[in-house]
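The same subunit A turns up in both complexes below, where it pairs with subunit B and then with subunit C.
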Partner chain A sequence: MNQIMSNKRVIALYTLPALLLIMVLIYVPLALTGYYGLMDWDGIGEMTFIGLDNYAALIVDGAFWSSAWHSLLLAVFSVGSLVLYLGVSLVLASDVKGANLFRKIYLIPMLLSSVAIAQLWLRVYHPTNGVMNRFLTSIGIENPPLWLADTSIVLFAIFIPIIWQYAGFYIIIYYAALKNVPNEIVEAARIDGASPLQIAYKIKLPLIAGIIKVTIVLAVIGSLKYFDLIYVMTDGGPNGASEVMASYMYKLAFRTNEFGYGSAVGFFLLILILIVTYLIRKATTSKDDEVQY
Partner chain B sequence: MKKKMYLSMFSAAAVLSLAACGSGDNEEASGAAGGNDDSGNNAAEGNEAEGNNEGASEDQEEVTLDFMHLWPQGSSPDHYRIVEDIISEFEEEYSHVTVEMEVLENEQYKNKLQVVSSSNQLPDVGMTWPAGFLEPYAEGEMFAPLDDILDEDGMRDDFVAGTVEAYSVDDQAYALPLELNIAPVFYNQAIFEENGVEVPETYEDLLSVIDTLASNGVTPIALGNRDRWTGSMWYMYLADRIGGSDALNSAIDRSGSFEDERLVDAAARIQEMVDHDAFIPGFNGLSDQEAKAEFMNSSAAMYLIGSWDLPNYTTNEEVDQEFRDNIDFFKFPEVDGGEGEINNWVGGPGVGLFVAEDSDVKEEAKAFVKHFTEEWGKRSVEDAGVIPGTQVNTDEVDLPDLFIDVLDELNNASDITLFADVQMSSSVAEEHLNMIQSLFGGEVTPEEFTEAHEEALQAED
Partner chain C sequence: MSNTAAMEKSGQGIKIGSLRLKLSSMILYLILGLVALLQILPLIWLLLFSLKDNQEVFNLAPFALPQDPQWSNYARVWVDGNIGLYFFNSVLVTGISVILTILLASFVTFALTRMQWKLSKLALGLFMVGLMIPVHSALIPLFSFFTTIGIMDNHLSIILTYTAFNLPLTIMILLGFYYTIPRELEEAAIVDGCSIHRLFFRIILPITAPVVATTAIINMIYNWNEFVFVNTFISSDSLKTLTVGIQNFIGQYSTDWGAIGATLVISMLPILIAFFLLSNKIVEGMTSGSVKG
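And now, the complex of A and B:
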């Protein structure tokens, strides 16, 4: 076996199918997107090469930058919410009663499809019959907010289900990581007189630092490319108040038939994500990192 | 990353469809050669065409005609059944033709059409939307001009005035309309009676109806403006009633300007209605479906929607009978001093049938489109509640009164102002629809509203 696997040709042969698939399904379309981004194209007729004009238009496109700002806000909120998840996981992992049950409860939103979640929250936010406004009127608030119809709060109203949706995912990652912290170390700290807070802060967190970095990267990338709930719940509206980069790209390419420009936005989004990932790595890597991403 | 997924899905779909077509292509090509010859004969022999067809069919090579439509059996069973019937009739008449159907849902259909068109693999016959949607296909010479079928047997006169034009580019028709809709204001008679209000005939009446209803705690109008085209219809009507069809049309075809006083006035009146609490709370966050639910629950008094919704108020057995009996419609009220006529309607054709320019079986495809449009016109209203693009003789059909009334109105229509998003190019329409949300939400002034339109229209030139 070792002999076979040390033969470079055989290695190449074995990796070929996966390589081909990934090339055809991911990298070729990716390159094509970059290529279309240089074209003036409605997706149907003739393509005209216009160089970087799409990108020049992108720089001065107010609608794009407002959607980028919304994506950035989402990223900030998602990363912020990680603190909350970490707190919950610390409690769950310290063998409280019913930890197993709670872990499952937190995981349930993960099991629902995005569209089901969107439908659920649309009902929560319904201006007259929604659970939220029913409750607010019942405790005597006369003009409850209109949530998804109000341009000043729609973005935050939609962040809540997005963050709620991923709670279980991050909690389970943290929970698993915390369960891997060797018990001996925690015991030793306790014998030395460390308080539970000190154990969490000085022992457990440093030991799962690698995982925390991974989740930060995941949260940021996930936010920057986020699409589903926004598409179903508000379609980026009212008038772009909840538009994010991915939904803006979708609109350009498939609704207003600016396929070339839409591709440019998509490609820009990809480059942006690569840069951000690189920066986060740069900012958090130390020499003895075990986890690579 | 999302992009990646879409693209990979599309390229996979494209690859698959290429592969699928690859094997069929050769047969079709040889079939087409035979087919074309025959149809040449048919044309030459004029009236005997049909007889000749039957006679000739034995030595005609079998051909397959690909037909793509968007009425799946699950969600549109009535449409689907009629389509199947029409196809089997057609196959009987043209026995050498086999029609292969491909059915997709709306959005998938649009996406697929875009993908197959860029690889020149359009189906022989398919469905398209008018104006803005159709234009790039017509200009890219993907669709075949259909004027020859329209001029045959005077078929052009069968269509309701103005419908074929919506599918025309440079005076050539690229598709034949199957659907036509106008937008009446539906209202709940029971709610009107309870609150002692009458059907409004002028805009002032409408405002006082709204005030009475609102002060009695009834939502006057159900509006789901998250979908944006719903609010757009209110604006289109006001623009039409104040400026006549000319104000809007000339602004859009660039013979005039959108910063026309009349169009500003229409926008101002929209905001006046909003200030009078005419629309359901939170309308900008509600979808049309959610708003409709309020109307169907009798918790909103009025609802402006296309005539495609008529079955809900007439024949749909799933809707409570008492509610259906309570629903009537009125024409959008006139505005004092306005130039518009009360018999003008906002509306537009829905889907139409095109023939692919590159089709190998073009003659058969054209015959199929003609046959389909005629048969569809005879059956669609009664069997599926769809108003066809062709004129309906209301004496011959057996339909509920409300339906007949709308059909009669259609035959008496003085003009039809096309839905804005149909009439404008897609990027201007997008700007229009966004501005509609802002206008209703009170985030822009009427002047800013028209200014944004003018800018978008100028950017197009």
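And now, the complex of A and C:
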């Protein structure tokens, strides 16, 4: 039995194809991004080693820091919106009929491609024919905002479809976690006279703290690498007002052929995400931390 | 659900304030209903304008029914917009990637959970770290790698990339199920003289059918909606998948609302059909796939 289940040839046969694939297409490219980041390279011609010059340029690149600031804002918004999702989930998990149907309806936008969502919301925000401004003019607002053309609100305008898109995803996660809270504990608190709000705040939330941490990590990482919707809706514009790190990196590499500098930005993004993940995990980890269900 | 029953019981016990209870539960439903409405309203608006001509889009109220539904919008974009071809490409790429991913992931998960080998922890770690890699950090090296080996602008480049980048998530979802398969099962099979390949293909793989279905639908959604890789690796119009194809098409016909609407609805249709048939599997996959990180 043990001999058969530790047959090296079978193990190699079963694991090497997948390992090879993630090595060649994920890990080697990540290392190469670090390597290319030390080069001056247009993607076609010869590479020239320039040491840390790309990173020195990065430090004084205002356009990059502005994109990083937008990514950070996005992360703050996203974590903030988790509170909203959590509120809806608490309601959903509080013994309502049809909860299953509700959470499925909430999930629908999450299943659609970001490109389709972006194209749809481009129409929603259309200055004259979009449903948003048609609604605003119908209630008497004479000069509704030019959502995506206004540098001061474009980032907020893009954030609305993002909240919309991800709502169902986080709600089903919270809902599943809340449904896992042992009923006896909730009942005991109720008998002791705790109000629904107290039960939610003092009992349910602490019990799903592990899941909340995971969703914070997901929301922050997801925001830092966010790309699709912004690329399609505004292409980082107007005038860089909605540029984020990933869209900036993409432009450097595939529009202006700055492969070396683009790689430096890509590598920075990778390191940033690894550090942030580590920090959040560390900051929120307690002794009894075992996120499993 | 025992939860509901218990709560109803305690609800009956407390006769006082039953009116208050009714009122507060009405407010709860109002909140949930409002969120549900917000989640589907933009999609209803999309469906409506996909059946209108520009005249109606500009002049009728946004949510007015089309007076003369323009089904021809759909026929027109299917033929003129190459949507039929993009659709076929999406089916092809998605289908092959899903099969390849699940087969490779099942092999690996079997070896990780049922077989004994020293480096299994390390292999597991490699796959799990792959979960949080930002794709942009690997994009430039992948681009130059595919150019070098000559599969740029070839479906193979995106099929391999989708497979590699979806392996971690797929393995993670499979793991939970594989751990629950009783060891006695394979012991009995081996004692009966069953070879390890036969054990895997004839006994283990069929048992995992439910979780394979879950991972298949999740993979399908991700691949169908993927944008960055297709946008970067595929340049021939005849090879594009729906996400990038509709992006180009809409760019050219940006003033024809009906055509844009019809294109978007067509691109969402397979996902929505899958959703109506398999929503439980999707919810299961989304929760298990995200939370155990």
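In this text, the second predicted complex is superposed on the first by the 273 of 293 C-alpha atoms of A that agree within 3 Å, B and C clash if a C-alpha of one lies under 4 Å from a C-alpha of the other, contacts with A are read in each partner's own complex, and residues count from 1 in each chain.
By our rule, a residue touches a chain if its C-beta (ideal position, glycine included) is under 8 Å from a C-beta of that chain, and two chains touch if they have at least 3 such contacts.
A quick note: this is a predicted structure, and the numbers were derived from the prediction, not measured.
Engineer: Once the two structures are overlaid on subunit A, check if subunit B and subunit C clash or fit side by side.
Structural biologist: clash
Engineer: Based on the superposed arrangement, let me know which partner A:Val124 touches: subunit B (first), subunit C (second), both, or neither?
Structural biologist: Only subunit C is touched by A:Val124; subunit B is not.
Engineer: For A:Leu269, is the partner it touches subunit B (first), subunit C (second), both, or none of the two (neither)?
Structural biologist: In the superposition, A:Leu269 contacts both subunit B and subunit C.
Engineer: Counting only touches as set out at the top, which of subunit B and subunit C does A:Tyr106 meet: first, second, both, neither?
Structural biologist: second
Engineer: Going by the contact rule set out at the top, does A:Phe227 touch subunit B (first), subunit C (second), both, or neither?
Structural biologist: Both: A:Phe227 reaches subunit B and subunit C.
Engineer: Looking at subunit A, does subunit C or subunit B touch more of its residues?
Structural biologist: It is C that touches the greater number of subunit A residues.
Engineer: In the overlaid three-chain picture, which partner chain does A:Phe77 touch, first (subunit B) or second (subunit C), both, or neither?
Structural biologist: neither
Engineer: Per the contact definition in the header, classify A:Lys251: touching subunit B only (first), subunit C only (second), both, or neither.
Structural biologist: Touch status of A:Lys251: first partner only.
Engineer: Contact-wise, after the overlay, does A:Tyr55 reach subunit B, subunit C, both or neither (first, second, both, neither)?
Structural biologist: neither
Engineer: So, does A:Val28 touch the first partner subunit B, the second partner subunit C, both, or neither?
Structural biologist: A:Val28 sits against subunit B and subunit C alike.
Engineer: For A:Trp69, is the partner it touches subunit B (first), subunit C (second), both, or none of the two (neither)?
Structural biologist: neither
Engineer: With subunit C in view, single out which of the stretches 61-69, 115-123 or 151-159 of subunit B clashes with it after superposition.
Structural biologist: Stretch clashing with the third chain: 115-123.
Engineer: For subunit A, what residues appear in both contact lists, the one with subunit B and the one with subunit C?
Structural biologist: Common to the two interfaces on subunit A: residues 24-26, 28-30, 32-33, 43, 221, 225, 227, 246, 249-250, 254, 263, 266-267, 269-270, 273.
Engineer: For subunit A, which residues count as touching subunit B in their complex?
Structural biologist: Checking each residue of subunit A against subunit B gives 24-26, 28-30, 32-33, 42-46, 122, 125-128, 146-151, 154, 221, 225, 227, 234-235, 237-240, 246, 249-251, 254-258, 263, 266-267, 269-270, 273.
Engineer: Inside the complex, what are the residues of subunit A that reach subunit C?
Structural biologist: For subunit A paired with subunit C, touching residues are 1-2, 4-8, 10-11, 13-15, 17-19, 21-22, 24-30, 32-33, 36, 43, 88, 91-92, 94-96, 102-116, 119-121, 123-124, 129, 131, 134-135, 164, 167-169, 172-173, 176-177, 179, 183, 187, 190, 211, 214, 217-218, 221, 224-225, 227-228, 231-232, 246, 249-250, 253-254, 259, 262-263, 266-267, 269-270, 273-274, 277, 291-293.
Engineer: Enumerate the contact residues on subunit B facing subunit A in the complex.
Structural biologist: Per the touch definition, subunit B meets subunit A at residues 1-4, 7-8, 10-12, 110-111, 114, 117-118, 136-137, 139-140, 142, 225-226, 228, 280-287, 290, 294, 426-427, 429-430, 434-435, 437-438, 441, 443.
Engineer: Taking the touch rule as given, give the residues of subunit C at its contact with subunit A in the complex, in rising order.
Structural biologist: So the residues of subunit C touching subunit A come out as 2-4, 6-7, 10, 25, 28-29, 31-32, 35-36, 38-40, 42-43, 45-46, 49, 57-58, 61-63, 104-105, 107-108, 110-112, 114-117, 123, 126-127, 130, 132-145, 160-161, 163-165, 167-168, 171, 186-187, 190-191, 196-197, 200, 221, 224-228, 232, 242-244, 246-247, 250, 257, 260-261, 264, 267-268, 271-272, 275, 279, 282-283, 286-287, 290-293.
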